[in-house]
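Presented sequentially are two complexes of chain A, the first with chain B as partner and the second with chain C.
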Partner chain A sequence: MIAGLGLLLGVVLGLLLQPQVPPWMQPYLPIAVVAALDAVFGALRAFLDGIFDDKVFVVSFVSNVLIAALIVYLGDKLGVGGQLSTGVIVVLGIRIFSNVAAIRRHLFHA
Partner chain B sequence: MTEDRPTVPEPEEPRPSGRARLLAALRRPWSRGQVTAAVLLAVVGFAGVVQVRANEGNDRYVGMRQGDLIQLLNSLSTASQRAENEIAKLQQTRNTLRNDTDSRRAALERARQQANTLGILAGTLPAEGPGVRVSITDPNGKVGTDLMLNGIEELRDAGAEVIEINDTVRVIAQTSFKDGLRGIIVDGHQLSPPYTIDAIGNPHTLAQAMAFTGGFIDEIESPAIGGKVVVTQTQSVEIASVRQPAQADYARPTNSE
Partner chain C sequence: MTGGARSAVRSVPPPQAVMGLLNYITAHSLDEDYAHVSAQRTADGDRSVRPGSAALVVMLLFGLLVTIAGIRTAHNAPVSQTNHAELVTQIKARSAKVDARRRQIEAVQADIRTLQAQYSQATAEGQSLATQLGRLGVRVGSVPVHGPGVRIVVDDAPSAPSARYRVQATDLQVLVNALWLSGAEAIAVNGQRLTSLSSIREAGTAITVNFRSLSPPYTITAIGNPNQLPARFADTRGGSTWFDLQAAFGLRFHTTSEESLTLPAAHRLSLHLATTPEKLR
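For the complex of A and B:
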């Protein structure tokens, strides 16, 4: 309930404020968003499994975002930024898919 | 992922299903975990929307890598070079067409001038200009073809460009003179005295040509004829009579450039 309202609040704030993404953040933000989505779906799955822990959620959220940003940064420095970003997106996408599959089994028993 | 499909929840193990847990969470909003999740979800929503907007914005090249940008720049410069070549080619075409139009216009102008000149010569166009008006009175009816021809030849000799008799007959190359019963017949027109000859040319020269000793005026005014001639120099002689252009039935222009 509150979680859904929080998501809604964030979206509305983003639409209303329309902030400019600072240039140094521009390469990292998309990857960070995908990583955060992965953490959110993981948390929802854990909640449905009955093993949700808010501390674990916060830590996994922050570490996901930071590691994703770090990988992009490292890739840029090594000259393989594009490929590494793609790799990170693929891995996170696979994880999101498996998490969503688990959530689906919980909610719809299918 | 363990396949924990809770078809029938066992009463001795009160482990609620995922759906029940979700419903319980909806009913009981203010747990610590939910608030944490709300904060983090707000962050995700905010960042996601910001990123989407930035992605939709006009700066589609922001965040691209150096290699991609260089490639993009190269393709752009190639495209602009191609466009410049195209521009040069089109400009050349335009210049060619413009020259063509200019020369065509010049030719048209020349043809029109020539048509005007020839029209005045052939008598198909009305004309005006400085010249003389020669009025001839002939109370005795003695002025005939030869005298008239003399006078016209004098005018032509003095450079008359357009000649008209009695405001009705335009004198051109094919004009014929014949003696009639009363007066003369010019190109089939019966003309009777007094005669008027209008001529366009240098007024002074034309008047001189009429007036020299033993010339046209002297002949007309001699006692044998008994006529009278008045030559009026004027800056504006208007000659309105025209001729239909004659079709040459026999003569053909030879192609001798």
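For the complex of A and C:
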């Protein structure tokens, strides 16, 4: 409930303000979104499992976004940015899929 | 006994070492901290699992992040579209320029021809030179030719199981050489005027004449006496080769006499050798 409210507020704020992103940050935005998606689905699953915790959510969200962006940044500096972002996407993608599968089992008992 | 048990314990490696990385990621997709913290909380006797204001802030951040990323991508799409449109206009402008230059070349060439004609008309020597130039031009292929002649259409056999049942470059060479031998004054294959430097070659599966790829059926137009040309052609070795090809492989070969044929000038003619006449030196 409160999480949905936060999401709605964030989207509305983003649409209203349309904040400018500095150019050096733009390449890391998509990967940050994927990492954030992983943290959010993980939190949802934890909530349905009954083991949700605010502090863990905050820490996992922030560290996911920062580490994903950092890995891609490092990759860019080393000349393997494309490959490293593929690796990050694969790992996060697997996590998202298996978390969503667990959520589905919770919601539909199937 | 105890030593054996200890070594058994020690020989069980951690799961991430046995499972393989991808399997491990799949099995441990949820952050282990959740389970850890919840276990600690149960031990402490707490039972609060409701998301609080921290979750609200984080979800707000998440929504903001997604929206910003979406807006950025939406902004970038029109940029690539305008790039494409710009390229298209550039291509159009450049090809218009090429067309203009080509027209310029044609105009200059026409100028050269009129000047040449004026010059040769002016002097008796020039006049003889002009007739010579005209006569040679027919042979060389630098001027278009009109006149009576024959039109020969050759094509592959109706069902061609192998290459031998198709018209090949060598077949066309034999045909054209036989026509020269029979007294043809000018020859064109599918509108490509043959000169003394023309080549009929095989390039992949297509036949190229003057470096242009042709496709069957091949129409050979030859200027010459339409009454004599077919009979003389039949007498040549090339002619009999073609009658054999027709009989044995079913290649199609059809000759018609034409009262008036027009052969274009050759496209690729370059000056290799030139001298100034004695008088002008």
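Going forward, the second predicted complex is superposed on the first by the 110 of 110 C-alpha atoms of A that agree within 3 Å, B and C clash if a C-alpha of one lies under 4 Å from a C-alpha of the other, contacts with A are read in each partner's own complex, and residues count from 1 in each chain.
The rule is short, and it goes like this: contacts are C-beta pairs under 8 Å (C-beta built on N, C-alpha and C of every residue); 3 or more make two chains touch, one makes a residue touch a chain.
Values in this document were obtained by computation on a predicted structure and should not be read as measured data.
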| item | value |
| --- | --- |
| First (chain B), second (chain C), both or neither touched by A:Val59 | second |
| First (chain B), second (chain C), both or neither touched by A:His109 | first |
| Touching partner for A:Pro27 - first (chain B), second (chain C), both, neither | first |
| Partner chain in contact with A:Gln83 - chain B first, chain C second, else both or neither | neither |
| Chain B versus chain C as contact partner of A:Val91, first or second or both or neither | second |
| Partner chain(s) touched by A:Ile51 [first = chain B, second = chain C, both, neither] | second |
| Chain B versus chain C as contact partner of A:Gly42, first or second or both or neither | second |
| Set of chain A residues, in rising order, touched by both chain B and chain C | 2-11, 13-15, 18-19, 21, 26, 29-30, 32-33, 36, 39-40, 43, 47, 49-50, 52-54, 57-58, 61, 98, 102 |
| Complex contact set, residues of chain B against chain A | 1, 3-5, 7, 15-19, 21-22, 25-27, 29-30, 32-51, 53-55, 62-63, 65, 68 |
| Contacting residues of chain A [partner chain C, same complex] | 2-15, 18-19, 21, 26, 29-30, 32-33, 36, 39-40, 42-43, 45-47, 49-61, 65, 91, 94-96, 98-99, 102 |
| Residue ranges of chain A touching chain B (in the complex, touch as defined) | 1-11, 13-15, 18-21, 23, 26-27, 29-30, 32-33, 36-37, 39-40, 43, 47-50, 52-54, 57-58, 61, 76, 81-82, 98, 101-103, 105-107, 109 |
| For the chain C and chain A complex, residues of the former touching the latter | 22, 25-26, 29-31, 33-35, 37-38, 41, 49-69, 71-73 |
